[in-house]
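Only one structure is covered here, and it is reproduced in the block below.
Note that the chains are named A, B, C, D, E, F, G, H, I and J in the order they appear, and that numbering of residues resets to 1 at the start of each chain.
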Amino acid sequence: MSQLFAVRMDVALPPDMDPAARADLLAREKAYSQEWQRSGHWKNIWRCVGEYANLSIFEVEDNEQLHQILWGLPLFPYMTMTVTPLAGHPSDVHLG
Amino acid sequence: MSQLFAVRMDVALPPDMDPAARADLLAREKAYSQEWQRSGHWKNIWRCVGEYANLSIFEVEDNEQLHQILWGLPLFPYMTMTVTPLAGHPSDVHLG
Amino acid sequence: MSQLFAVRMDVALPPDMDPAARADLLAREKAYSQEWQRSGHWKNIWRCVGEYANLSIFEVEDNEQLHQILWGLPLFPYMTMTVTPLAGHPSDVHLG
Amino acid sequence: MSQLFAVRMDVALPPDMDPAARADLLAREKAYSQEWQRSGHWKNIWRCVGEYANLSIFEVEDNEQLHQILWGLPLFPYMTMTVTPLAGHPSDVHLG
Amino acid sequence: MSQLFAVRMDVALPPDMDPAARADLLAREKAYSQEWQRSGHWKNIWRCVGEYANLSIFEVEDNEQLHQILWGLPLFPYMTMTVTPLAGHPSDVHLG
Amino acid sequence: MSQLFAVRMDVALPPDMDPAARADLLAREKAYSQEWQRSGHWKNIWRCVGEYANLSIFEVEDNEQLHQILWGLPLFPYMTMTVTPLAGHPSDVHLG
Amino acid sequence: MSQLFAVRMDVALPPDMDPAARADLLAREKAYSQEWQRSGHWKNIWRCVGEYANLSIFEVEDNEQLHQILWGLPLFPYMTMTVTPLAGHPSDVHLG
Amino acid sequence: MSQLFAVRMDVALPPDMDPAARADLLAREKAYSQEWQRSGHWKNIWRCVGEYANLSIFEVEDNEQLHQILWGLPLFPYMTMTVTPLAGHPSDVHLG
Amino acid sequence: MSQLFAVRMDVALPPDMDPAARADLLAREKAYSQEWQRSGHWKNIWRCVGEYANLSIFEVEDNEQLHQILWGLPLFPYMTMTVTPLAGHPSDVHLG
Amino acid sequence: MSQLFAVRMDVALPPDMDPAARADLLAREKAYSQEWQRSGHWKNIWRCVGEYANLSIFEVEDNEQLHQILWGLPLFPYMTMTVTPLAGHPSDVHLG
């Protein structure tokens, strides 16, 4: 059984962060994100135009798994999350 | 060339609407939505759990086409829209 | 597998509603709520003091089931919902 | 006599906090929370999925006791609190 | 044992309400309020200057009693409530 | 002639403030508050449960006096103020 | 003794109001406003550009008088008020 | 001398408006807008994608003229306005 | 030709600012404000009671001049501005 | 094919930034902005009166290009962006 969630992540990095620390942090974030994308649980990630933010779609076993994925993000301490649980829509042509 | 947009649509129908008028309106909405889904421009539609709202992803030629699709929705006069233009994300495993 | 959600429901009934229609609506709401409480899926319901609102805890199979329960509420057309998905907390004495 | 309250606690720790100081703070927070949970006054604590936040239910003697419990939290200086007093709901199957 | 609460009540009466129905409603509201004031539970009521709103202080047995008092207000269906539970302040000269 | 005002004060002290400086600041705040309470102008001060905030009632000569009292608070640079001017309420049993 | 207040009044008249009733209401509002302007208590009234709103400055005896003036406005049931008590500013060239 | 202003106009027409009255209203709105566009004072008008709203740029003699143009809009009673006064930007390549 | 504007300025100085730097900054702010007051362009300045904020009325040649005055304020980097363009009100007894 | 967008950029520079670093940053911002203005993609830039903010109109190939332009701004880490996609308005005299 799998559950869908939309998550918007807004990032606020301090502008005066050490460049090397920042580069390392972003490299780890990218690797972590891609690992979960390849697992099939992080289905989509899009940039919100003009903002340091993304909109992502997750397909997970349960609430617990979604929380563990998000909590483990290297950028988590710098992020504000908006989590929206999703369900099938009766107008979806792919359903029934 | 195609553009991606996330659109959240919140619906507020008057509770005392005539049931036949309401049923007709919803039937037209569903047909209209499915026509655009089949065209490939309305790529996803999900129900936001517990709310009379959906989150949708559109892939359109340009801003103009997106506006025409949304403006033409039979439920448009009862909807509040939140439109977010999307771009590719550098961590997306499907890019590059 | 079960998922926990907190849901706050704010009710806005028109003050000039027909008293009999209102009484009928509230009776159906109560019966519907109690049926789901007895099923074990609607675990708690509390009144928010001084407000026409409740805070409820649901334990459901998945997002879909939660949506169907909430969407079916007789008072749904008069409600504003705030849905918060929950997970286990590492400080919870009942976990591990 | 006992009173029920829902409390949402949003935590904002500075990302550059000293790791040892942070670990000590979190250990003290966990011990403090578990002590009050074992007393029966802190009835539930759930993680809000994807957020550094929890939703908790307290059963206390009075407003004063709730304030003392919350004020004494080691993480209190880093928390934003939302306190909702609760009462019995007429649809609750466990009430008369 | 008694608990203190501050409650702000914002009133929104439809401007086209029947004058006699309105006068009756306001007379019942005043009588109801004064009965609870005389009981000692509704300790203060002030008008918020320039607004159809009041700020009140209640001293009640428990959350349940406060809810019953507020829920029973003849104007309740037209009110938006903001409830703040209060406790003693360490700087209060009347405390210890 | 005297005027009533409700003032909510939300305090945000930096968590890493020097403990001695903090203790001194809070001692001066308490002394200042109690001096104005004893003068009769600061009629009530209550703790908002679970928050570093208070709700206070002032009875002052005029707007100017209220501003001078608040501006002089040792904690003023760390406070966010919400000021509500009050008047007599027609339902108040103590009025006429 | 006199007190200064800034009051912003936002007006929301129903678009389908009977034209004669509307004209009468606005004529009474204007007469009422001008009477208080001539008394010296309603010192300034400006239109907020592009909005059905005004910003006004009042000089009154006390909070009570301000409330009575505002409460008596023929448009009061259609208005949302924002009241800001004012005091002298230390940089004002007209003060000392 | 001329002044620039950005104005966002959000329109909320009742969904059950009489179709003929609505068509007449919109025709008058269009004629009125185009007359001011041709005068050179209403320099730009764009549709906000997916919303019943526009963003417009005005070049007017003064605040008074802008208010008269906006106040005279046939749709004014159904509009919420956001007015932003503009000035030259030091990075503008067309300035000096 | 002159234009009227209301401007609310909210000030947020860091509490740990160097006292001498702060005193110098405030002295320059006062001198700057009084120079513009004496020019007749900064017509009024009032303290918002209990807040580090002022409400001011400006009479300027045009938007450009208002921006230059505000931008030049020594406290500008610490201020949040709310600018409201004003026009004559049809009920103003001083207008025709 | 080109797309129009309105973008409001609010800037928050730390008041204690090193003056030379600040001057360099602003010089690079100006050069970057003017380069894109000369390309024809950044069609307008206006100062929002009294605020460290601008309102700009962009004409770009697609969402991707807009994001790259904004993301590349030297001031980007200090900016909050509000992006509004635009389409042609049926009342625009310049459209067919």
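Keep this in mind: a contact is a pair of C-beta atoms (placed from the backbone, for glycine too) under 8 Å apart; a residue touches a chain by one contact, two chains touch by 3 or more.
Here the structure is a predicted model, which is why all the values come from computation and not from measurement.
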item: Contact-graph separation of chain B and chain H, given in steps at minimum; value: 1
item: Superposition of chain B upon chain G: rotation angle, C-alpha, nearest 5 degrees; value: 145
item: Contact-pair overlap exceeding half with B-H, pair selected from G-I, F-G or D-F; value: D-F
item: Centroid spacing, where centroids are CA-atom means, of chain A and chain G in whole angstrom; value: 50
item: Gap in Å, rounded to a whole number, between the CA centres of chain H and chain E; value: 44
item: Approximate Å spacing (C-alpha centroids) for the pair chain I, chain J; value: 27
item: Numbers and ranges of chain E residues touching at least 2 other chains; value: 4, 47, 49, 63, 66-67, 83, 85-88
item: Touch relationships between chains, expressed as pairs; value: A-B, A-C, A-D, A-J, B-C, B-H, B-J, C-D, C-E, D-E, D-F, E-F, E-G, F-G, F-I, G-H, G-I, H-I, H-J, I-J
item: Residues of chain A defined as touching chain D within the complex; value: 7, 14, 63, 66-67, 70-71, 76-78, 81, 83
item: Contact footprint of chain J on chain A as seen in their complex; value: 13, 15, 47, 49-52
item: Residue ranges of chain G touching chain I (in the complex, touch as defined); value: 4, 6, 29-30, 33-34, 37-38, 45-50, 54-55, 84-93
item: Residues on chain C engaged by chain A in the complex (per definition of touch); value: 1, 3-5, 61-64, 66-67, 83, 85-88
